[in-house]
Amino acid sequence: MNAAFWDKLQKVDRRVLYVVLVVLTSIGLFLKAEIPVAVDDSSADFYAKLMKIDPNKPVVVQTDWTISTRGENMAHLECLLRILMTRKIKFVYYSATSDAPAFQVATDVIRHINEERKAMNLKVYERGTDYIGLGLFPNAEGANESMRNDIKKAWGGRRVRMPDGNETDIFQTPVLKGVNSMGDFGLMVVVTASDTIDFAVQRLNDKVELTGMATGVIAPGMLPYYQARQLKGFAGGLKGCYDMEYMMKHGINHPEEGGKIYVNAGKIVGEVPPLGSGKDLARATQYYADLHIALSLLIFAVVVGNVAMFAQKKAKKGAE
Amino acid sequence: MDQYLFIKLSVGVFFTIGLYSVLYKENKFYRFCEHIFLGLAAGYSLVAIWTSILYDQWWLKMTGVPAEGTSKMVPGYFMYAVLLPIGLCGYMVMSKKHNWMSKIPIGVILGLWSGQQVKNWWTQYGAQIYGSMQPVIPTTWSSLSRPALYTFNEAGAKVPLSPDAAAVIRSNIYATQALSNFIFVVTLVTALSYFLFNFELKGKFLRSFNTVGRWLLMVGFGALFGSTVMARFALVIDRMSFIWNEWLKLGR
Amino acid sequence: MELLAQARLTFFGMTPNSPELWVKIIVTFILGLGVMFAFTKAPIRARRMIVFSFTFASGLFYILLWLWPVAVAREPGTLPNNAVEGVAFWLDDAVPRIADVAQILTAFLLGLGIMSLLTVHTQRIRRKAQDWKYSVLLMVSLVTMVGFGYVDWIQKKFQDPQGKLLEMANWGPVQYGQDLLFDGAYQQMEAAMFSMIAFFILSAAYRAFRVRSVESTVLMASALILMLSLMGALDFIWTTGINNLVAQTHNPFLDNFKISEVAGWVKSTLQTPSIRAIEFGVGLGAVAMGLRIWLGLERGGVSA
Amino acid sequence: MQYLDTGWFGIFITLMMVTFVLSNIYRAKGKKELFIRRISGLNALDDAIGRATEMGRPIVMVPGIGDLNAISVQAVNIFKQVAKTASQFGTPIRVCCANAAVYTVAQEVIRDVYQGAGMIERFDSQTVQFVSDRQFAFAAGVSGMILRDQAAASFLLGEFYAESLIFAETANAIGAIQIAGSTKTAQTPFFIAACDYVLIGDEYYAASAYLTREPVLVGSLIGQDWGKILIAAMVFFGFLLNSIERVQPATQHRGEDDKGNANWTPVDSATVKEKDKLKKANDTFTFQVFNPFITEAMKKVDPPRKPDPDAPKEEGK
């Protein structure tokens, strides 16, 4: 092969790369392969926690993301909701971020998970009796601080419309009945695309069992909190979310047919069963397989570029 | 309702493709989407500036909130009214004669920022300075590298160590860890030397110190680059899914 | 403190909607305007002093907060013992109020920004410059968004105490319009623009990650290690392989060669200190520049 | 009334840094010919302006999307230097702002430059403009502008977030010379991959001293250098001290109760467990300096305060 060919190969037009990326990621969506994975300790702890908490205690979900980081956070929230709804755990959700649409986005996700459950003939979660939305708190730090001090003051005066059409104070509803402080919640989960997780850790980690789900950019910063046990577990980025879905399907240390154990998490002593929500492998599974294709393309492109560069140099020298 | 949702999705797909078209080249379709985007964004800013900043943080604090239901009365602080004339000074930038007055609100913003920097410097960096003082002398030579926290039983399966034995391992510094710590400190100091501006580094040794500092910075940057890739690719995959799965309802 | 403390009426904090409060608000505003007018008459050499005093006073607040003795273990509803404590109490109470000031002032200035945008585009339309039709489009979408946005906000905030409009079934045309513009168009465009970064990462990596110099080589190597560790399938194969090796050889040292361990080592031993070195420099730079601005030592530019 | 034990060391070191900067500014006054090492990204500024002038195409400048603070002010200061040259040669410039306060500063400063050069007719509504304060709308607007105007050079200096690569790759695609710099370390790798010259970290703050050689700025830079040497020295002696202490046997261990108060537990050499024999990280001298002892008694140094008669009473108490 001659120098011109290698020259072309090391200066491929960017548009060619873009088209290849679009085509490959589109094809990748249809593969939906279940990729075997070594589950992160943090996700294993998170899943075990979610499967072990008392279903009679409500869970509090803080969801601080908008459409622009939908790719990771929507998979996170969907996965969390599937676990909560399958385990029949009541929950309360709100957004503590200056990004105004966050609450609406979360409400939409709950709606479409409910539609999905309806289609599978499962019980639909009713607002007021099974879950409550509190709305938006624009100042994350202040909201967490006042929740730490007195939850009744922090959420005071918020009302919710029950399925029968009546308005009720949120603390009178079946969801929050008997809740007087953060300690009465079984778990708190922060789903976020920004540093709001830092405020939650600073203000609330000693009041309630705190966990988180965050984008790949935020997640590395959560590792120190997890190591210090300030976070009881977390799912970081798409990988963390795929870990969750994989465990929802296979459990932890759980022997399936033929005694095969898919997830062998060293830290978790004992067995955690799979979830069986009817749709355990969902968005993250689809995206994660696709991510491999995209990453392979990136690495392939870098390798080709380098090989071509060396080959061209060699060919040039040969020609001289 | 379903019709509305389909229209809404289609609008989203239309603009997504429009903005993507710039990847090929700048064109009329992109220009169309870009200008709508800029218009909507400016419109949204004008709405959000009042509804989510000024109304809550300025107006309500100035006028107060009367008691209602279980929520208590919040007094109004009239001094917030001072901020409006200060803010208006900024608009003097349009005047040819009095444009200097625009520096008043700017001065207030910058003054507050400057004070905060000095006040917060130690809280931000003190812990990092302490965290860099890593011990480099091993506390034990019983093993060069840190032993695993498990052993093997007769059957060859992994068994965790007793908590006491594990605690001993955790409390020790092993030779390989000490070496890593030493690399850490050297990396920090060489990289820091790269940012000395007023000292001319003379001699081969000092100059090579500087060069190595720059290489080590590049290692750090490469790692940063690599770790954001997953998050970014997830977003483009999601866009594709938005088009194929949600809009065309294929591939679900 | 602010959140715990009960509302206390003083000269400064008054009953909402009381006539006294309104009188004070209006008087304060007019006085402010008066001072502003007086400034326009200020002699040229006084200008620098005026700007400097505003800057200095604002910075001084945080410096005092930093250096003033703290009133230890203050409990709500107590009085200070002496004047020093009095100042400490005052500083403590003022923090949440001062914290908002910069954001509020920036918000007031947004009008200037929008005026700039409008000037650029009206000029384009007036001159019938190239692409002037797109400028019309921009104006129209701006006005539509503002219209729908405010009407929707007013309806939701003041005319819908029961929160009916949160449910789609109760929506009116305004809510549909707002949702279509904001959720349907604007947010999707944001997501589209954000996701375009992935394309650029691909082309930038292809071009820059070459074994050309030591710098670009180490840049590429550490990026590749991190990227490989993100690929779950590869990680799985590698980890399983090493686990098997460990089980055969009973040598746990091999655990260190798991790709996630290697990536973790690169991050904690090389990335953390090099980034930290940059941060130290940047932090000092910010302090130094902050001092120069606060004390008015920067000539030209921002200081008068 | 006294300082809690917390913080004297932090305040002391911070005050030392402040003294370094201020005393060096004072020392540098009136001196000329102060040394600053070469910063190649800044040397390239003039070449880039020259190239834009030859081609007759505009220079696009972005002061980041951050709020108004020293970082964006620094960007405006650098752009001021660019504008000085550009106004002489009539090279069109476009300063695109994403924050209204930054826009106000840039407008005032850049117009001043044109006025001072007597070229005010070259300053129009597009020279300094506000594009959008929404991150990605701003990105769309600016990249559209770079492509349509076929910018010859782009200077991206300031606080950038995810959008950094959108600008850098777009300008790279049309072959513009790019000089970028950000104090946000997370974005620097993308600039390194896509731009011709990159100011890394602190070089950004050194830029105005480098370009103008004003004694105040250079003096401040010397002070910053001293500060960095102090940090390096602290780390150097700290790690030596730490290393030596960690191999010594412990006589007492420092712990914390659930209120965050520190306390010491003596070590009995007869019964001590293997893991507690040596000094731990928390027992070292350096740790104590950086994390001072707080006890309940310290919180009681102030005499008790009288209740406030005007404060409203808590209901039910």
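Order of writing sets the chain letters: A, B, C and D. Residues in each chain are counted from 1.
Going forward, a contact is a pair of C-beta atoms (placed from the backbone, for glycine too) under 8 Å apart; a residue touches a chain by one contact, two chains touch by 3 or more.
It should be emphasised that the depicted structure is a prediction, and the values quoted were computed from it without experimental measurement.
In terms of C-beta pairs in contact, B-C outnumbers the other of B-C and B-D. In terms of the distance between Cα centroids, chain C is separated most widely from A. The most central chain, judged by C-alpha centres against the centre of all protein C-alpha atoms, is B.
Separation between the centroids of chain B and chain D, computed from CA atoms only, is 14 Å. Chain centres here are Cα averages; for chain A and chain D they lie 32 Å apart.
With centres taken as mean Cα positions, chain D sits 15 Å from chain C. Counting partners per residue, chain B has 19, 23, 31, 33-34, 37-38, 40-42, 44-45, 48, 51, 90, 93, 103, 105-106, 109-110, 113-114, 117-118, 121, 129, 132, 150, 158, 185, 188-189, 192, 195, 217-218, 221-222, 224-225, 227-230, 233, 235-236, 238-239, 242 as the residues that reach two or more other chains. Multi-chain contact residues of chain D (touching two or more other chains): 11, 14, 17-18, 67-68, 70, 73, 101, 104-105, 107, 131-134, 136-137, 140, 148, 169, 185-186, 188-190, 192-193, 200-202, 206, 221, 224, 228, 231. Touching of two or more other chains is recorded for residues 14, 18, 21, 68-71, 217, 220, 239, 291, 294-295, 298 of chain A.
Of all residues in chain D, only 1-4, 11, 14, 17-18, 21-22, 25, 67-68, 70-71, 73-74, 76-77, 80, 97, 99-101, 103-105, 107, 109, 125-126, 128-137, 139-140, 148, 162-163, 165-166, 168-169, 172, 183, 185, 188-190, 192-194, 200-202, 204-206, 214, 216-217, 220-221, 223-224, 227-228, 231, 298-303, 305-308, 310-312, 314 touch chain C in the complex they form.
By the touch criterion given at the top, residues 19, 22, 25-26, 30-31, 33-34, 37-38, 40-42, 44-45, 90, 93, 99, 102-103, 105-106, 109-110, 113-114, 117-118, 121-123, 126-127, 129-130, 132-137, 139, 164, 167-168, 170-171, 173, 181, 185, 188-189, 192-193, 195-201, 217-218, 221-222, 224-225, 228 of chain B touch chain D in their complex. Note for the complex: chain A touches chain B at residues 15, 18, 21-22, 25-26, 28-30, 32, 68-72, 74, 98, 100, 138, 156-157, 169, 215-217, 220, 237-239, 266, 269, 283, 286-287, 290-291, 294-295, 298.
Per the touch definition, chain C reaches chain A in the complex via residues 3-4, 162-164, 166, 182-183, 187-188, 190-191, 194-195, 198-199, 201-203, 205-207, 209-212, 220, 224, 227-228, 230-233, 235-236, 239-240, 260, 267.
Contact residues of chain A toward chain C in the complex are 12, 14, 17-18, 21, 35-38, 66-71, 101, 104, 107, 133, 142, 145-146, 149, 153, 159, 161, 167, 220, 239, 242, 288, 291-292, 294-299, 301-302, 305-306, 309-310.
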